[in-house]
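Chain nomenclature is as follows: A, B and C, assigned in order of appearance, with residue numbering initiated at 1 for each chain independently.
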Amino acid sequence: MTEFALILVSTVLVNNFLLVQFLGLCPFMGVSNKLETAFGMSLATTFVLTLSSICSYLTYRYLLLPLDLVYLRTIAFILVIAVVVQFTEMVVRKTSPLLHRVLGIFLPLITTNCAVLGVALLNLQKQHGFMQSAVYGFGAAAGFSLVLILFSAMRERLAAADVPEPFRGSAIAMITAGLMSLAFMGFAGLIRF
Amino acid sequence: MNLLARMPRWGVHPAENKAQSTARPIRQAPMPAQLILPMQQHIGAPAEAVVATGDRVLGGQVIAEASGFVSARVHAPTSGTVTSIVEHAVPHPSGLSEPCILITPDGLDEKLAPQPLPAYQQLEPAIVLEHIRNSGITGLGGAGFPTAVKLGSVRDAKIEYLLLNGVECEPYITADDRLMTERASQVVGGALVLAHLVRPQHTVLVVEDNKPDAIAALRLACQGTAAEVRVIPTRYPSGGEKQTIQIVTGREVPHGGIPADIGVVCTNVGTAAAVHRAVVDGEPLVSRIVTLTGNALAEPGNFEVLLGTPIRELLATCAMDATNLDRLIMGGPMMGFALPSPELPVIKTTNCILASAPGELPAAGPEQPCIRCGLCAEACPAALLPQQLLWYARANEFERAEKHHLFDCIECGACAYVCPSNIPLVQYYRYAKGEIRHAEQERIKAERSRERFEFRTERLAREEAEKEARRLERREAAKRKAAGKADPDAAPATAGTSPEVQAAVERVRQRKAAQADDGSQES
Amino acid sequence: MSMILTAVLALMGLAVVFGAILGYAAERFRVEGDPIVEQIDALLPQTQCGQCGHPGCRPYAEAIADGEPHNHCPPGGEATIVALAELLGREVLELDEEHGEVKPRTVAIIREDECIGCTKCIQACPVDAILGAAKMMHTVIESECTGCDLCVEPCPVDCIDMVEIPQTTQNWHFPLPGSAPGLIATDRQGAITS
């Protein structure tokens, strides 16, 4: 039990995938304009990350390992992730056409989100079991969602604020993300892991 | 209960500047040379004129009827002749004109016989309410909501508190102060009439502690009645309806609701006095107390003014020095608006005319960027976030502004008063509110237009289908007719025709048959 | 050799399984139609004037959903462009001048002395805002008129005027106060945008 708690704290705060490991920055900058889209994106990414983390683990454990095809893991994981993302897109399109329209290209781009592939490969590297992989994937997604929502709330405020002309748009967003990253560095050493 | 414990920390305390106009008692304003009565002196639909140019009217006669549910009557203040019914400039921030009835008083001041309701305590509240409605009474505190509609909306709600708002928190204004001091019996009498209508558990007259004379007079008038006086500390804007209710009862009026929802009814003391005049003295609303003040006036003070009196004449009565006049403001320095000219009339919502000298009300400095200090949020009596509302109003993000409760803003100006950057906050909120209302109207109009367009498309399709059906039917009928004509000896269709016609058709047929026989015989 | 075969077969097997799952999901989560068109249509001003090049607001809404630029509607003005940009996640563009310019709202008024009762304008009005019959007086129902000015052309005696809606105290509202000076010189040109 403590082990899962530790994994969660690690992935959400200490080794946050977005601000500490700098993975998955594309949807971070692209979707964080509005709070509603950020929330939708974080839900979608949570679903994808957890599911693909589990499926990647299962593929590795029951297909690649027995057949001694571990060298194919990158291709296999990409395949798994692509399928999960496609499935998610269909579900989103059915349940909320507006969210689907608003997320636009960023929904299928979760496939290329290096955080998703990163989680799958890191599970391997850290030799996680099934439950640990699932919790690791969920924790990574929770950390991603936390930062995404915080950042989009800030970006909404920045949009209405008195930003000097050279800084408007992505520039001030990058600076803000950098400052947030500095803040998250404060969590370093929180747990030894 | 401990009042100080309940006194909130919002608000500001500007210089009161009330001493200039309370030095003398209420004077009667002289009869003006002309009266200009706008059809709209209240919130709601404008009234509709029921007199014509050239009519002679008596004081108290109805000259415009209420139109619609939220509306109020207008009465002639004195006897005279209706000179015209035209668009005239009215006291409104836009400076635009509205339909007005212009009356030239004849100086005789003939009035219609008063029609009081004697012993109103024995009458049904509905009858008293109707009498108040017919007297054209609207809220005299500044908003101008028709009083009968407000009281009628209470209906069966259980009212715990009837508050009479004598707070008058805005600087310079002293009309209610003098009214309560000199005519306390009228105010309390009106409160009792209102109590008869809404049947509250407590009838409370609320006054700020900077009006000791008024408090003493009211306390004296309340002796032996169910009404009581409550004194609250002086702070702007504790006289706002929602703020007064919160201070006295501790309850907050819910967002989008009315005070009756929490068992409270709140009216201004001036309105109460008008109700007393209408019910007990039988006179409709034709005059009100107006504070004339400001350093440009040599003799400031309070006056009982006939509605429709041009402000110019009042300023002359107060010996205004025109060379010393900087701005002419209707209302107080916090919530009033500047008037473009003194040719405008006094209306039901005019509580004060402020003729300021240069330097008395200095213009705010240039607007500077917001430094996000948060003083505005501390000052706001409605617990809003003025800073966020400013950013959203500036960036035209009206949806978010509305979500931050923009429409709960009472536009008191406390936030702009404390702003160190001199940002005209209330003007931004008014702009945003106007845009949101405009967008809503456009949306409703667009919806209607779409419905009409779709109905028209459907109508055209239906007409086309009907035309097609008729065309088909005609073709079928023609086919049937052609099939019938193929047999020449067959009797022509004469069913349904008169006997003469049938005989004529028969004669023609026989003649044709005879000709055919002759022809065949000859050939 | 057998290793390559195993690898290829394993991946193919994986692909087939996933393909089957996706195929099933495609059927299960099938979506008919595209409700986005309704939402776009709700933001258009419904004047049915045709200035965008389409015969009405609904066809233009469908075109926008298919990718047409959203800045072709003059009666909607900037507010509509901004609202459409927000809905679709596109950029806020300037109004395309080719399709007309932003004019203040107008209503049609028929000069009744000159009307001959030909009903041509009644047939032209897309929202049935003109009341009348053949050889009877025609009049515009002001509250329903959208100002699309499609009725002006067909009138044979040219008796229809498009007049601006007069500003009264009922439809006046406060203007935006002068904007703040801004922190640096380049900020003082133009309003704040995101």
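Criterion: a contact is a pair of C-beta atoms (placed from the backbone, for glycine too) under 8 Å apart; a residue touches a chain by one contact, two chains touch by 3 or more.
Keep in mind it's a predicted model, so treat the numbers as computed, not measured.
Using CA-based centroids throughout, the chain positioned farthest away from chain A is B. Two chain pairs are in question, A-C and A-B; the one with more C-beta pairs in contact is A-C. For the pair chain A and chain C, the distance between mean C-alpha positions equals 37 Å.
Between the CA-based centres of chain A and chain B the separation comes to 55 Å, rounded to the whole angstrom.
Touching two or more other chains at once are residues 159-162 of chain A. Residue numbers of chain B whose C-beta contacts span two or more other chains: 369-370, 394-395. Residue positions of chain C with contacts to 2 or more other chains are 180, 182-183, 192-194.
Per the touch definition, chain A reaches chain B in the complex via residues 156-157, 159-162.
Interface residues of chain C facing chain B in the complex, by the touch rule stated above, are 41, 44-48, 56-57, 79, 82, 126-129, 144, 146, 167-169, 171-183, 191-194. The touching residues of chain B, counted against chain A in their complex, run 369-370, 391-392, 394-395, 397, 400.
Listing the residues of chain C that touch chain A in their complex gives 3, 6-7, 10-11, 14-15, 18, 21-22, 25-26, 29-31, 34-36, 39, 88-89, 180, 182-184, 186-187, 192-194. If you check the complex, the residues on chain B that touch chain C are 40, 90, 92-94, 96, 98, 366-370, 394-396, 423-424, 427-428, 430-431, 433-435, 437-439, 442, 445-450, 452-453, 455-456, 459.
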